[in-house]
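Following this line, the structures themselves.
Okay, so subunit A shows up in both of these, paired with subunit B first and subunit C after.
Moving on, here comes the complex of A and B:
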């Protein structure tokens, strides 16, 4: 059989993903209307502020590729951030704080995976349930108050630099590299495509889709734990609403980045560009002093515009 | 029956032998004391109507189901097949109709899914080895394609080749194929047959499930016929006629003379298509359909038959030309076409024709909501009355109007699709492969139904890849080739040979 697999068309629209166009348009827009947007300090600020979202949106990409969803990520991040704050406050140890955050986050991730894979609850409902649990636990742990007075070792993580690069950016880059390697260069990554694309294929290959699925959700929880440390460092406290709505931004970034919610079609670089689009948008709107309510609405508009552009592309 | 000795073969020891296999599901004895042997390098055809037990036997063979009773022998030695891993170790691979491919992985990754060669770093894949292996396997089966192509971009025939490559890469000695040509064009089928011949020459045995008589005789070395979970007979193609095989499959003499009463003179013009072109690649289509007629639309898969149907129904945008239905020019939306009286009975009835999880009644009234409930309020009793009438009229075998449609047999599902358009008062019925996946007994009933529809003043446009059906059922037929009408055949000219000649690509 010698037919060409796919007919390539010369239409340039088809080569540039919607998310790249969106990002360029946003940068161009704010360069003009937001004074100071293009300053080095502000651009660095955008990147640093995007790091937490990056650490959630990357695992969210994997979860969505399995035709799943994790609504609990923001609430779990709140809880892990509080755990980091409480434990590091008590032990004066950043590492023990991080350990606590990782443990709690991973536990929630495993619980999500177990509910979805073994119990068979639809991901939307299962993670909505754990969202509520994480939120409630956060209020119990914090008693509704901010946890203040955390040690410098935690706080410094957000402001320190490594070879001149802010540590949060280094962490986000390492995370991206790790996820890229995981998805595109390991057997596990190959199976993630199959979890969303054709679970039967995994079964016929003698693999257990359920175990793989639990692992994917567990990675999401663990990343919420690491991101929790960054959040505590950034706010210099543990706060019971720290991660409020972050799952929305994460899912938005994944969607903007061109990952499909069906059949295991995902793109990590797209997610990264999606995160930056969300970051640029929020930063730019901040600079022109629009309230945060407008920012939330505008992220919604961003999702629709990016998917609209993608739609144009596939039809072009 | 099961005790019958294997007929004489060249090799005395079967590669694989199943003895006295039984498998029961709640309420159904899917396999009842079935024995079955595969010899090295043979093509063994497995025949039977839907529900005869072919799929169950296949799943037992590949370890997806474990048999309740029975024994397996591999090259004469007793073995157990209780998991897919067991079957794989014995060199058994199955190519299912629904492929076991992952759409957004490339060909290489799909071939070696779950068996990736390990790289030096734990968890990683040895790229160089996997690529070399993929090239070798694709070379073995003569599949000339870039091994890094994403599977989602492949056509059905190419995906099937990937499936075969996957099986071959596992050193499969027995390849089980379930209706492999169902979705292939004639040319692709030819390539598949060439590949099967090559595999055979290499000593690979093939268990081949088919509903197409021509294939059974063209390919088969031996034939096993199943009916109601039992093995009816094992024969050689040279020793039987197609009619005899059909009788074995159905266990009774089926009137394969198609139930059609041709009208003496055609009725008034109902549909006139003039110079129709659409964005989906059909151009300058001219078609006429009169009341009381069944008009065939044939040609190879991909020649634009379904696209013509969709354009007439308004499902695809028309770029030029005219569609005149019942004296009025129509255009645009499926909704309008349906309201004017055009019904489309699509090829994939499960995804396009039915709401599988809803009841028979809900499905039957769905196209007639405006007509049945002009006030906009759903009237349970009116729906029930209409449904009961249609179930009787179409002889739909269902325990009740409340039955979930997805649980009915293929033939009865098809009747429900027809019924919903009857309820809507349709005058023109466009059938796209009306008998796909329907067993022989039900086929005959569907044709009788279409015959009755047109006798009562409706008309039908029928797309079918089964040329024999077109020849027996249609008043006349148009043959398509590469998006255009290649020719028109009157009833006297309608032969399989003429259809093939008009539909073939010029070399």
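Moving on, here comes the complex of A and C:
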């Protein structure tokens, strides 16, 4: 396993079939059984609704590449969404709201990274602890109530268009471009591959794996902050359970996208296709009027199948 | 063999074993919390409140005791809370439909056990890392419970059935007797049976365990099935105590159960810990939450405090063990 990990270059050609096939199958399935699925309005709806998930799933890919996990992302997004709502309500300024969300999100990200890298707590337990903390803070900040009456400047972000393209989609595309550049075209990106594949090599090269790890988790927290702005804009309010379970959809997208949980190689385009798969699955089940509970269960099954296949690949 | 060689072979024995010292620290912590609460709040030392703490701790303990075995094998079961919710909903329906509490209890235990078995199959046969497999299971169960209940609440169960969770026997709540029984069974199983010792061996070194002929996959299946069945048992206690069942009752149960295991000194890296430690862990956590309640801190603070406790417990555990080595 170590030998395979040392050569941690992604091999997209091998994986394109997997996740692309899942996406094509889902689209084919729902265009047959769900009336109205293929309409332009619905497809653009799927894209817009996938934007928040994209912003979580991309950093989640990096975190999982380091053989880590961030279970706190959904709860942190809830908290940052509330921060955006509360601060923009108090100051009437969208930018100050975004700043607050970014700050709180990054703080949680750094805390996660510190607990994992310096204290050495296994990621899934460290982030489970911070999940509880973010959830608790959300309840405390909001007192269990929705925060309503936020300024139009926040709400408009979700419905505005830029050159005919909805702003959330523009934001998601910019995010994707940024992550693609970061992972495949910078030295930092190479280090991320090494964090999961060969941490010793980083140490021998005179780098600090701990600092890099903290940076990766901090990016995750910051992205949860930006996604928090979108969430508040989308719901036109802050709600103490807004992001409940979103980290699960993000993990599902990464897993379906072919990023391995054990070998430190990730594939961002796969994650993007994974996000769309989860989005299509939820939208399609919604159209054939299955309740959201069934959607949750089916995403769970999707993850387990994807991981099973991942396990098969690693043994092959 | 002379006395000299005996001395040379046997390591010097300290007065107390490392495990006993760990347990002692935790009992001391529990005692200190009790003392602080007795000073801060008048109602803490009332009989009613103490029985309430024990009853509450027993609920956490049922879930956490099965989880302890899983953590001993260096695994984790994140699905326990959702398992409690689904088992409670299904058992509640069976009691309503058939009017037979016994049938309902069996259904609840079976439902929990089957879910646990599925977890075990995912971990052993499909080789999915346990925290991810059970995390996926969490959402599958959550979805199933919400779909099955469709927003309804089940309530109103036979008086005899409600005695299990809310009744008293010789002045003590019935769940406390169950707690003592399962504490005894769990401790005996883990410490005094071959299977229990094999579970420790798997957690300490899975490769060595396999090479020494332990059927690792079968023991892991057993451990996850036990964890699921204990969640099923907790669902019955929950059902009979609250006299109602909803799809969302499990959401606040997983983190406290994990906290109890970790406070109790069971190591996330496997092979170290005891069921008795988990009992003290459940007691400490319940004391803290009860104290917050008595000091009229809003319940909104509970997840935050539980999260902090989880991280502190792991941190302390790692620190003391590092020093011990």
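Observations
We adopt the following convention: the second predicted complex is superposed on the first by the 287 of 316 C-alpha atoms of A that agree within 3 Å, B and C clash if a C-alpha of one lies under 4 Å from a C-alpha of the other, contacts with A are read in each partner's own complex, and residues count from 1 in each chain.
Everything that follows uses one rule, which is that a residue touches a chain if its C-beta (ideal position, glycine included) is under 8 Å from a C-beta of that chain, and two chains touch if they have at least 3 such contacts.
Just so you know, these numbers come straight off a predicted model, no measurement behind them.
When the two structures are aligned on the shared chain, A:304 is found in touch with subunit C, with no touch to subunit B. When the two complexes are overlaid on their common chain A, residue A:185 makes contact with subunit B while staying clear of subunit C. Touch criterion met: A:204 reaches subunit B, while subunit C stays clear of it. If you count the residues of subunit A touched by subunit B and by subunit C, you find the higher number for C. In the superposition on chain A, A:125 contacts subunit C only, with no contact to subunit B.
By the document's definition of touching, neither partner reaches A:163: not subunit B, not subunit C. In the superposed model, A:296 makes contact with subunit C only, not with subunit B. Of the two partner chains placed by superposition, A:40 touches none, neither subunit B nor subunit C. Residues of subunit A that touch subunit C in their complex: 69, 71, 115, 119-122, 124-126, 128-137, 139-140, 143-144, 245, 248, 251, 255, 261-262, 291-301, 303-304, 307-308, 311, 315. On the side of subunit B, the complex with subunit A involves touching residues 84-85, 88, 98-105, 109-110, 113-116, 118-119, 123-125, 143-146, 149, 152-155, 157-158, 161, 188, 191.
Interface residues of subunit C, counted against subunit A in their complex, comprise 76, 78, 122, 126-129, 131-133, 135-140, 142-147, 150, 247, 255, 258, 262, 268-269, 298, 300-308, 310-311, 314-315, 318.
Subunit A makes touch with subunit B in their complex at residues 1-3, 5-6, 181, 185-188, 190-191, 193-194, 197-198, 200-207, 263-266.
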